[in-house]
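Below you'll find the structure I mean.
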């Protein structure tokens, strides 16, 4: 079988695969990570707040997102975002939202639930005395969170946050269900056009493997370097 | 806002003539659970073997186990699904390949989906099993061999009974993950719950109703599984053996 | 003039009462030591002064400002009262300099230059000037606690609260911290100190409060307390701990 392996189709498609496909995948990953962590941190703070309605609302959101398949969430937001957009912009008809924007919203909101649980554990791992010390100096809640708790929580949770991002990177391949051209989608198009499913899908698997494995390796190294100076 | 609500759609006949739309979705639940359970059996069996392998003194067993986990972890599940469905039949000897390609739907989608989910989840189960075994005090293995057990016997009678109890909570998580991940098989044509919700929404235009039903059904499945596992945990509980709390793990 | 006044403070954790009708005061320049067995509520009491622990009944007045009043600006009140914790609680992700400067900048609105300079002044007073650029993880327990005292002082507080400041220290480091506290007392700082260190109390305390099971059992001038304690429980406590 290896004799008929068409290396050429891979070579020919490289520009398309990476310029169109991989760019989409990487951009989506970076944006969803950035906004997802911000939203996730806010959700974590809400879950830990003593104001019950906030805690319950955040908890309900996180549990819902974690109980439902990502594919279903993708469909949900593909359908919902135009309506929400119309409601925000006060239009009568659902507005047209591009595939990219819809994806960013979907993945941000979905991954935020997972980032939330990570940050929640991170925040809870900071000893209460640190919070007291901040308050005792006259810092208010936001100052204490921003200057004392969150910097330490992020440092401690950085490896887990990054590992979750690697998972997010792999999850973006699911935009396939909306026929969006990410890396996998691009390969799929070529595969079907040229009848070269085996070559293209094997190539995709190898590329994802190399990137994910390499990123995991970087995370392990970062773990060593980011330790607070003087602290073990 | 321009959307025609129609919650009564569930009682109207489905497009494929099998019954109401509600019935159509419930059949999807059966396919979801059927896929998940079959895959779970593979995952438990293979994952246990791999997890144990990674804790044995044999260097090659450890390396093989690690390589397996690394492979299945670093390739997206959807890509793996495509490999099983599109690529594997081509790589096998022509006779077997042809037999696979001739399988009628839904088995043509069901079999690759089960194998894909099973072996993918096996990697994650292997991680849990390994962690569970390694969380036991070293003295347990020593005590086992001290009474005269061989290595396999020590695992069977001393190590594994304790390790499995410890990892019941994360294993429950993995089982819930398999149920969610089964939705990915819609890309290869498996008509599980999410696929059917999408089909229903495309056919009736009652998108909101269809996806709400699917969401509610997934939540119900979750609740049933969580309560079921708690019952299992209670029945297996050993007084005084406290489960190791998990550090926050990344993942779905 | 009472700098700190506590009036009938009572606190419950759920149904369990941890403080019962605690009334006392600390005048300007006074040094009051609070002692008692574990679980007597002394840490909880002192944390009520700057509202780190909420209380359900009674009130605390700091320089005339009510702690229980919902309209009180608590961060502002807390910025005027320094606190030193048993486990130091320096911010491990910041250098010593930044630890000292943070609240000065964010709460008092001082410029970075001014905050750093003042921090250095107090750091020098506690004898740790050379360690300004180090991180807490690189300091010993005694050094960390002295930095914590300097951190409290940098806010130019009207009073300082100490919650068992030496209880987490190895014996050979206790004195370096107590020396700083003695010096502070002699300079006229209003201090409320929860401690087991009776030597310190004998040296600089004006009054000693003895607590047991959430109640203030004795509240007497130092000489009266050590010479003729009135309550049975205080006698027992003293006999147990004065055997060093």
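Brief remarks on what is shown
By written order: A, B and C. Residues from 1 in each chain.
Everything below uses one rule, namely that a residue touches a chain if its C-beta (ideal position, glycine included) is under 8 Å from a C-beta of that chain, and two chains touch if they have at least 3 such contacts.
Here the structure is a predicted model, which means the values were calculated and not measured.
When chain centres are set by their Cα atoms, the one at the greatest distance from chain C is B. Chains A-B form the pair joined by the most contacting C-beta pairs. Centre-to-centre separation of chain A and chain B, using mean CA positions: 22 Å. Averaged C-alpha coordinates put the centre of chain B at 56 Å from the centre of chain C. Computed from the mean C-alpha positions, the centre of chain A lies at a distance of 45 Å from the centre of chain C. Touching chain C in their complex are the following residues of chain A: 127, 129-130, 132-140, 143, 147-148, 151-152, 155, 228-232. Residues of chain C touching chain A in their complex: 47, 50, 52, 75-83, 85, 87, 89-93, 102-103, 106-108, 134-138, 151-152, 155, 161. Listed in rising order, the residues of chain B touching chain A in the complex are 1-3, 70-71, 73-80, 82-83, 86-87, 90-91, 176, 180-184, 186-187, 194, 197-198, 201, 207-208, 211, 214-215, 218-219, 222, 247-252.
Within the complex formed with chain B, the chain A residues making contact are 1, 64, 66-72, 75-76, 79, 83, 86-87, 92-94, 114, 117-118, 120-122, 157, 160-161, 163-164, 166-167, 170-171, 173-174, 176-177, 184, 191, 197-198, 201-202, 204-205, 208-209, 212-213, 216.
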